[in-house]
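Both of the next two complexes hold subunit A, though its partner changes from subunit B to subunit C.
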Partner chain A sequence: MIRAICYKEWIKTRRAFLLSAILLAAYVAYALAHTGSLFRVNGAVAAWGTTILKETFLLPSALRWIPLATALVIGLAQFVPELAERRLKLTLHLPLPETRVLSIMLLHGLALLLALHLATTLLLWLVLARYYPAEILLDLGWRALPWFAAALPGYLFAAWACIEPSWIRRVTNALAAAGALSACYLDAPAGSYLTFLPCLALLVAAAFCAPFQAAARFKEGIQ
Partner chain B sequence: MEENVIECERVTHYYGSRLIHEELSFEVKRGKILGLLGKNGTGKTTIINILNGYLTPRKGACRLFGEDSARLSPATKARVGLLLEGHVQHAYFNVDQIERFYSSFYPRWRSDAYRTLLEKLQVSRAQKINTMSRGQRSQVALGLLFAQDPELLVLDDFSMGLDPGYRRLFAEYLKEYAADGNKTIFLTSHIIQDMEMLIDDCIILDYGRVLLHRPAAEILETFRRYRFAGPAAPEGPDFHNSARVGDRWETYSFLPPAEVARRLRDVNARDMQQERLSLEDAFIGLTGKY
Partner chain C sequence: MKKTAHLILLLLATALMAWLLPLLARQSTAAPERYPFVYYSSLLRELCIIDYSDDEMPLATLSGKRFSEAECDSLLPLFNFRQLLADGKLPDAVDGVEITPPLLRSKTIIFRHNPADFASPPRRLHVLFESMPRRLGLEMPPDVFRLQENIEFIDCESNRVNAEKSARFQQAFARAGYRFPARWTTGNPSPRKAYDEGYFSLDAAGKLFHLKMVNGKPHVRDTRADAVAEIAHFAPFEPADKRFYGFIFGRRGDLYILEARDGGYHPLRLDLDSIDVARDRLVIMGNLLYWNVSVTNDSGRAYRALRAASLQRVAGHFEPRPPDPWQRLAAWIFPAYLTLDSPDDAYLWPRLHHTGRRAWAFNFLLAAAAAGLPGNRRRRSFHFAYILVAGIAGAIALLLLPRLTINK
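Presenting the complex of A and B:
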């Protein structure tokens, strides 16, 4: 039964997954071209110096938003069809505990995101390792971590907003989610998010619970 | 003793301040086909939603197989086949994929029932459900329900959007399905003539209340329309929707014709004609045209 639910979720999300994979692959290719041209034009010393002394982010800035964008694409692809014509009724009518059904659906989406983002991180590391030492790459990782981390609650909040049956609450949920996620987009030096990690874990845990609250409201018939 | 598959007890529900049901109680016994009739807005879908646990009534409760419908166990859900209004299904699947999905959940899955029904459709097994016509989608939904082999079918407006051929096909399949005697069907439809060939019992809803709950055969046998000439129509709860039509009156009643004739004589009526009614006419007679 778990496999059957994952199969259903895969049928819904496979195009979004492919689109996200293409987007991330395009970013990696762009990042490679960008770094290559930086080294060709300015030379390695200038490129390293700028990164170390001025703490300039060495990748194209689109990386801030791409993980969250992929999370939203996958979340919407997965949950908008459930809400169209209120198909969630069919899903929740399956002979399994409702919390288990919803948990499997959410874990499926999170697994897709983790697969995409870990693959992207690995690719970026392999590509950039040709140009920068591990210390600089670790610094880059700490800076990019909150943006990748934001994708997880971002996906869960997208599910929350979709499942919520009332339009007014849906909008307020989306605004609350945007407020919570903005904490991941503060301009801060590398490493400053280290102390934020427990809060981030709490945010993910809260975001995981949110779709269940919306599903309970859906079940009550709130409109 | 016959088992009650569905029990609704004193269900009261409002949307905002608008009363939909007040103290609604009914039961459906195993093996019966019950049709829920009512004009638009009388709360047919509301009852279906309460029965399936997708709406919590303000007061009262419904039970399926003895379980509170708001908290159905997975085992009970496996015994209930649900058709949503508009034959909604997971339309992103194709014909084969959706069977593969559902068959994992139901150990008694009858693939032959699904495939036999789909053979009548001009669709390939790789065709996506969202590219099908409404009629074709209805057959996919029906095939999935039959393959699931549930003890109780809950069908919300099964004839919605279907042409006469598909409506008839749907009704015939349901009749055949129910013929095994152990299946219970609870359904609503706007097309009452489809119900006539199908249902055993009938509940007619008015705004906020049950107008009637009787066997369909009894309604067809005893409820009649009377037309007569005269100065006025008889009054009282035994006469329904009396109205002047042209230069004559018409009224509806469950009373025996001899009793109606006697009452009409009391109001100086003459030239009485009585008519047997179809279920649709009976519905109009009880609820009025408007």
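Presenting the complex of A and C:
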């Protein structure tokens, strides 16, 4: 049964997964071209100097939003069809506890996101290690960590808003989600989020509970 | 699961509102700090308040005497020397000391310190300029260095360690008696300055070392400042007259300058009250004869005038913190609230602030109003208790989330 649910989720999300993978691969290619041109035009000394002295972010700034965008794409692809055709009602009546069914669905989406983002991080590291020393790459990692971390609650909140049966509550859910995710987008120097990591973990844990609340309302038939 | 999920979401929404609502309120009530500008007059021999919004009589002494703009320029010749020079009124001597514009310029310093300068993620790579460049101005070197377990120079072009240069500097560190690993290393790496004094690093034994590159060769010296002060931090500063290397912050709140005299390093203590580097903001405006120091914290701002040569105090004044619209609002509406950032450090984590007892009355009124709304008794009791504790943040969180249908 679990394998069947996973297969069903894969059928729904494979196109979104592919689209997200293409988006992330395009970003890595763009980042590589951007870094290459920076080194050719300004030279390595200026590129390193700017990063070290001015603490500027050395990659194109689109990286702030791309992980969250992939999370929303996967979340919407997974849960909009369930709601549009009322399939969720059938899913929640499978001979498995509804908590377990929904957990499998959410874990499937989170696993896809983690796979995509870990692969992107690894690829970026390998590509940039030719140009920059480990310290600069670590700072880059600290800067990007909250943006990648925002993708996990972002996906869970997308599921929350989709499953919620009332339109008004969907809007309030989306607003609350935007407020919570804004904590991952504060302007701060590299490494500032080190002390915020436990809160990010708590945010993911709390966001994981959100779709269950909406599913309970859905099952109760609230309009 | 349904109840647990609802409760967790309620707590999340409450925490979110306890952060976002005060943030919005704070931004809408933001006002500049209204401390007066205080400067020591070398002619009046006392601290004076300068109010630039007063066109007629901008200068006032602490005892209440007021002076016009022209008098202000003349009574503060070391502060207004550029204006006096432009007007052709710069005196030849002040307080018996002969003055010239280049001398005044070289003795003018402005140093600012914020607690977040020290409480922030450390830099792990540093740029070491040539301290005696052949041409005017500093040029970016072709490499950067890391100083932790040892010193390593990394070439920017090849992204590889320059083994020969690293070994040369490593030997210089060993000769100077530096004990690895480094506790911290600090410098002022900017090519836009008149000269470079390199870096200061605290070794594993708590000794402060000076590192710079002179004609491509390593210059590593033990400053022996640890004999005078237990060093907590060092803020490098390169004044135009090259009198000192920077400021030493001691563990007991003592503050020193590290003077460059007779080819050596000599800590000289500033005659100030104890400074809390985690809380106090410090501004030093120095001139040829006197240094004006202001130390600001939650209680107010302390002004001190020190004699420039000895750094001994000649005058002092304290201004209590002026009323802040945000603090007044918070005291009535938010008994407790969250912030993620702080002016005292660069790290992000939730900090709970408590404003006082008055706002609990507001919570009680809000809770009583919520309890008066229609609904079953159990729900109203819960809302009353929750809003009483969580205040307006809790009330909005309850509104944001759908009602929990307990009986189904």
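Definition applied: the second predicted complex is superposed on the first by the 223 of 223 C-alpha atoms of A that agree within 3 Å, B and C clash if a C-alpha of one lies under 4 Å from a C-alpha of the other, contacts with A are read in each partner's own complex, and residues count from 1 in each chain.
Just so we're on the same page, a contact is a pair of C-beta atoms (placed from the backbone, for glycine too) under 8 Å apart; a residue touches a chain by one contact, two chains touch by 3 or more.
Here the structure is a predicted model, which means the values were calculated and not measured.
J.: Overlay done on subunit A, so just call it for subunit B and subunit C: clash or fit.
T.: Aligned through their shared chain, the two binders fit side by side on subunit A.
J.: Counting only touches as set out at the top, which of subunit B and subunit C does A:171 meet: first, second, both, neither?
T.: A:171 contacts neither subunit B nor subunit C.
J.: Looking at A:133, would you say it contacts subunit B, subunit C, both, or neither? Reply first, second, both or neither.
T.: second
J.: Of subunit B and subunit C, which one contacts the greater number of residues in subunit A?
T.: Residues of subunit A touched, subunit B against subunit C: more for C.
J.: For A:210, decide between first (touching subunit B), second (touching subunit C), both and neither.
T.: After superposing on A, A:210 lies in contact with subunit C but is clear of subunit B.
J.: Could you look at A:81 and tell me whether it touches subunit B, subunit C, both or neither (first, second, both, neither)?
T.: After superposition on chain A, A:81 lies in contact with subunit B alone.
J.: Could you look at A:22 and tell me whether it touches subunit B, subunit C, both or neither (first, second, both, neither)?
T.: A:22: touches no partner chain.
J.: First (subunit B), second (subunit C), both or neither: which does A:89 touch?
T.: After superposing on A, A:89 lies in contact with subunit B but is clear of subunit C.
J.: Nearest 10 degrees is fine: what angle do the Cα centroids of subunit B and subunit C make about that of subunit A?
T.: Spelled out: centre of subunit A as vertex, angle of 140 degrees.
J.: Is A:220 touching the first partner subunit B, the second partner subunit C, both, or neither of them?
T.: both
J.: Pick one for A:8: touches subunit B only (first), subunit C only (second), both, or neither.
T.: In the superposed model, A:8 contacts subunit B only, not subunit C.
J.: Please give the least Cα distance, whole angstrom, that subunit B and subunit C reach in the superposed model.
T.: 7
J.: Find the residues of subunit A that appear in the contact set with subunit B and again in the contact set with subunit C.
T.: Residues 220, which sit in both footprints.
J.: Over in the complex, which subunit C residues touch subunit A? Could you list them?
T.: That would be residues 1-2, 4-6, 8-9, 11-13, 16, 19-20, 120-121, 123-127, 140-142, 144, 146, 154, 156-157, 159, 189-190, 340-341, 346-350, 400-402, 405, 408 of subunit C.
J.: Considering only the defined contacts, which subunit B positions touch subunit A in the complex?
T.: Touching subunit A from subunit B are residues 15, 49, 52-56, 70, 74-75, 77-78, 80, 82, 84, 86, 88-93, 97, 100-102, 104-106.
J.: Across the complex, what residues on subunit A touch subunit C?
T.: 44-49, 52-53, 99, 130-133, 135-136, 138-139, 142, 166, 169, 172, 175-176, 179-180, 182-183, 186, 188-196, 199, 203, 205-207, 209-210, 212-213, 216-217, 220, 222
J.: Spell out the part of subunit A that touches subunit B in their complex, as residue ranges.
T.: 1, 3-4, 7-8, 11-12, 81, 85-87, 89-90, 92-97, 218-221, 223
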